[in-house]
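Per-chain numbering from 1; labels A, B, C and D assigned in written order.
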Amino acid sequence: MNPRVLNFLGLGLAGVVGIAFMILTPRLAELDTVLDLTIYMIMAILALSLALIWGYGGILCFGQSAFFGLGAYTYAIAMFNIGDSTVPLLLAIALPAGFAALLGYFMFYGRISDVYLGVITLTVTLILFNSVNSTAGPEFHIGVARLGGFNGIPGIPPLNFPGSKAAVIDLEGMFYLSTAALLATYFGLRMLLASRFGRIMVGIRENERRAELLGYDPRAYKLATFTIGGALAGFAGCLFANWGNFVSPTIFGLAQSAQIIIWVIVGGRGTLIGPIVGCIGVQWLSAALGANQPSGSDWWARVLANVPLILGIILVAFVLLVPKGLVPTLGEFGLWLVRSRVRRAATGLEPKQAEKG
Amino acid sequence: MRLDRRRFLQGTAAIAATGTFGSSAWAEDPINVASIHDLSGGLDIYGKPMVDALTLAVEEANAAGGLLGRQIKLINYDTQSNMQLYTQFAQQAALKDKVAVVHGGITSASREVIRPVLDRFKTLYFYNTQYEGGVCDRNQFDTGVTPAQTVEKLVPYAMKKWGKKVYVVAADYNYGQITSQWVKKYVTENGGEVSSIDFFPLDVTNFGPTISKIQAAKPDFVWSALVGGAHISFYRQWAAAGMRKSIPMASTTFAVGNEHIVLSPDECNGMLICYNYFQDLKNKTNEAFVAAFHKRFGADYPNVTELAMGTYQGFRLWAEAVKKAGSIDRMKVIEALETGISIDAPSGKVTIDPPTHHCVLDVHIAEVKDKKLNVLEDFAQQKPSDTAAVCNLIKNPDDNQQYVIKI
Amino acid sequence: MDLIALLAIQVLYAIASLALISVGLAIIFGMMRVINLAHGEFLMLGGYAAIVATSNGINIWIAILAVAPVVVGIIGVIVERTIIRFLYGRMIDTMLATWGLSLFLVGLTTAIFGNTTVGISAPLGSFQIGAYRTSGYTLFVIAVAAVTLGCIFAALRWTRLGLIARGTMQNADMAAALGVNPPRVYAVTFGIGAALSGLAGAVLAPVSGVFPTIGVAYVAKSFITVIGGGAAILSGTVSASALFGTINQIATFATTPVFGEVALLAAAIVLIRLLPQGITGRFFRRGL
Amino acid sequence: MAAPLLETRNLSMRFGGVQAVRNVDFTLAEGELRCLIGPNGAGKSTFFKMLTGQLQPSQGQVLFRGRDISQAYAHQIARLGIGIKTQVPSVFDGLSVRENIWLAANRIHSRDRAGNVVDEMLERLGLTGVAGRLVGQLAHGQRQWVELGIVLSTDPELILLDEPAAGMTYDEVHRTAQLVREINRNRALIVVEHDMQFIRMIAKQVTVFNQGSVLVEDAVENILRNPLVRDIYLGKQAAA
């Protein structure tokens, strides 16, 4: 059994499962479950955007939420001003992509690397947070859309089928759209990574200097990767604004940025399935912990229902017990079971992460 | 129960139908009531007391035999100061728990996140926090005070006491912005002047420069519309700079987060505030309530806040309406509430104002004194005149928005 | 005139507080390459330590200057022994772990103290500068910052641990090369870093107040300051704090706190763009 | 004799106070094989770094085919046709041997062509057996071969080898020498090496670096006789 075959088997399986999930869920699950799953799908796209930039591009980005938020705000503002959702959707992808390109040019062509990238991206998203957060006054508006400061923008009109404002995408449609988008993103990225570009990108992550000495310009590849990641995050932001019909500055906040990183680490860097799993897992967990709070004053009950406390313990335990992240660990366990030729083959599929401390 | 595809496509109406059907089918199963508040994260200062009050209200009702002979089940969500969870939990409450009513939301932001969800899924919504006013939605009831009810009273009182030149510091968001506009309005109406209005994002903790600015402006008193844990440092730095003794302060946000307990007396004594409820109100209902509350949550419970009482009264009003309607069906209950239901609450008489779905209630001006709030003057039965200026749900019941009231 | 004086004090104060909240992180990051996302919570714990101590009748100065650092230092060592030490050389994992830790600490403090803890009010009263009154405590904060940095300088310059520290800053394997056993050095370093954070938290408690979630207000700022400063613990922290503190405070005074914040962050970006290794990556390389 | 392939004029590199390379004038003809020797810290590696654009010289010029490349980026120089095998093998540890070679071949060949080139290269270096292994898991000697393979796969005009024989077994050294001679049939090389046997096997012309500048340049046999070189360099070696 050679790597290619294995690869295609894996992809095929993922595809079948994904499509089955998309088609069956609304028929089997209750509406509230479907709605929850919708947001998880959307956030998974966001997780993938960082998985690409960081896991494969080796670009430590603390500010992925910047592009996510820009996407959401762009969609909201454009929607109020235009009405038909086609243009806003495209803007919500183009603008963050453009912003990522600018920022990326500024950083990579300035030869900024590793943790300094982290700080700059973090700083950028915090600037956005502070700025947008202080636009509560009526004087802050773009066209007819008021920015609303801390309160954000409520009542954002949902997507409609291209051209016909009336044909609004309903809740079920939103689920189909988000799931399809996630699947498309996943397979798109798999293709990207299999392409020349993707393999060179991974090479640069592994050893930038060597790639340079072979005649590749790392700055250009990083810039491209970063821009694609920004576009994806922006797209996710647009879907997010649709799902809840609101957006507020906390979308740019430290908590949001950190959360995205957590998803990727939990699921496993250097994989694509991992961040998806991590994202859904962590979100489901905090929602599950938040629901069914005990009322009353019983101290122990309150401690056990104390979300940050429990979540914190789980995360710490996780790092110590599953350091490589969920999917790689499971993967290795699986591969440990099969023969070594297959193991060699499989390691080719998902390049191992090289920790840069 | 599962939804088959056809019903799913019929959409929300069908879901609401199945919801009410499902719950009124057997008199035995409990009535679900959802609480959606921040019990962790930055806003839990406000959320925890609200949930405690709601818990007590539910337990009292159950002890008295429940509603319509059915027990009430409180389903309690912690939104962790995270907007996304407000949406998710509102959806769960409406669709999974099929609750009869949702009590929840703290900031206006969270309300505007919940409101459309509950409208869409036809679930009754009570918002029990004091806020900037202007929400006009037949599916929602607001039991908190709005600026016209408190600011209007406190401004002239403070000006009479201290003078006509006012410096306003406010939280930089919808509530702070609008409240400070009301302050300005009433100050000018009373022949004074607002020398400046400064806004601060909710996470600002360094007020040094501002305090210098205020000193330069030399106002007769400072009006604070600051909100949240970080802003408490303003009062600290204000006192530390020795300003508390020279320039007094009035506020309609102070003490809502128990600031008067967190701060030491010499950091906030003498400040004037105005609310619907104070724990030390002298009346039979309140004394009984406070006793019950301490019995339930311990005598050392810091303080029953304005928001906690809002929530308690919110539930009581809903329960009253359910009794009157003899059903928990959303429309029946709304109609019952719109008859102008009123209850004898710890804060005094509280009545639903049919056209605005806000409340007519007493307000009191009090002074902060050694971690206590001493009531100085009472104003009976204040109407939500600000919202009334823009909203009449009896005339146009399909209205559904938050008006920005022209000031 | 007196306004200038007042402004000067406030700028100094901004620098001092920035240096205070950053230096603990600087030591931990500079020496161990650990991004401690629970840094803000260490500050928060320092505040609580001071509050609990004072409310139990301990003199406020002792509470702030002794109790808080010791308590948080011990907590730091425990954390290092139980979590961090398993993760050396894995910066990313320590990020996840310390993020989890920060959540845990927030939850724990809320469970123990609730969220309406009675704070401590600033001692030392206030004093007059011309037409203005300002808090005497401001000067105290400035003094503490100066003394702290002085002590760190002395420690780095003249103690064995300082020597090791400087070595490790130059190259990570140095500690081992110097024939000390790294685990102990790391534990101690982390402890000291935590202790300094505790001190900072306690010193600022009377100014900013203390509540479980106050950490987030600090962590990003101090992180940015540390990276902006670069590898050298002391000169890095000082120079970065000086730059950012001044910009922030003056911008705030001239306009609004928001703009002050944004100006600080923008400055950080420009700085890192110009000096990709942080200030000390370029200037006074041989600094401490 | 044709115009030189590579020429440096007055090339110097200073780090703070330290003068690592000092006014080096160096010329390499088309197709020449030159050995660089000199004690550690003589500036050989720094010299290589400047030739490949990893360091910008603090003064002087590097001319490749008469074109000044002293200010060019590393990747531009690589594309002009200078390849380097660094002292510590610089390879893609997280990738398989095949992927390593592919990344190099891919730069100059079309997708399908690259595949064959990779196979040939693996065969040529005897790496076919480990093609699927992660390079990070290979022995030092093998990683040396992988890096050689990477360099050769970009088919450079000029190949710089920084201590190719380091850490190799005796017969690996032989194979390397053989390979170098083979490469030299149609490519120019500069080889930095300490191993004198190795140099004897390959070298004609040798340049001796000392303290950052060229001490002497001569045919290998003269160099070996040169007392100066003995003192500063071979003396130690002989003693060792």
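Here are a few things to note about the model shown:
FYI, a residue touches a chain if its C-beta (ideal position, glycine included) is under 8 Å from a C-beta of that chain, and two chains touch if they have at least 3 such contacts.
This one's a predicted model, so the numbers in the text were calculated from it and none came from an experiment.
The chain with its CA mean position farthest from that of subunit C is D. Taking A-D and B-C together, the chain pair joined by more C-beta contacts is B-C.
Put simply, the chain nearest the middle, going by average C-alpha positions, is A. Subunit A and subunit D, compared by their mean Cα positions, are separated by 43 Å.
The centroid of the Cα atoms in subunit A and the matching centroid in subunit B are 36 Å apart. Distance between chain centres (mean CA atoms), subunit B to subunit D: 75 Å. Touching two or more other chains at once is no residue of subunit D. Among the residues of subunit C, those in touch with two or more other chains are 106-107, 110, 216, 256, 258. Within subunit A, the positions touching two or more other chains are listed as 130, 133-134, 255, 306-308.
Contacting chain pairs in the structure are A-B, A-C, A-D, B-C. Partner subunit A is touched in their complex by these residues of subunit D: 52, 54, 73-75, 78-79, 83-84, 86, 90-96, 98-99, 102-104, 106-107, 111, 132-134, 150, 154.
Interface of subunit B with subunit A (complex): residues 2-3, 5, 8-9, 11, 15, 35, 39-41, 51-52, 54-55, 58, 74-80, 82-85, 87-89, 91-92, 94-96, 107-109, 112-113, 115-116, 172-174, 176-177, 199, 201-202, 296-298, 404.
Remark: subunit B residues 40-42, 44-45, 48, 172, 198-201, 203-206, 208-213, 215-216, 229-230, 232-233, 236-237, 239-243, 246, 257-258, 261-264, 266-267, 302 touch subunit C in the complex.
Contact residues on subunit A toward subunit C in their complex (touch as defined above): 106-107, 110-113, 115-116, 119-120, 122-124, 126-127, 130-131, 133-134, 254-255, 258, 261-262, 265-266, 269, 299, 302-303, 306-316, 318-320, 323, 355-357.
Of all residues in subunit C, only 3, 6-7, 10, 13-14, 17, 106-107, 110, 114-122, 125-127, 131-135, 137-138, 206-209, 211, 213-214, 216-217, 249, 252-253, 256-258, 260 touch subunit B in the complex they form.
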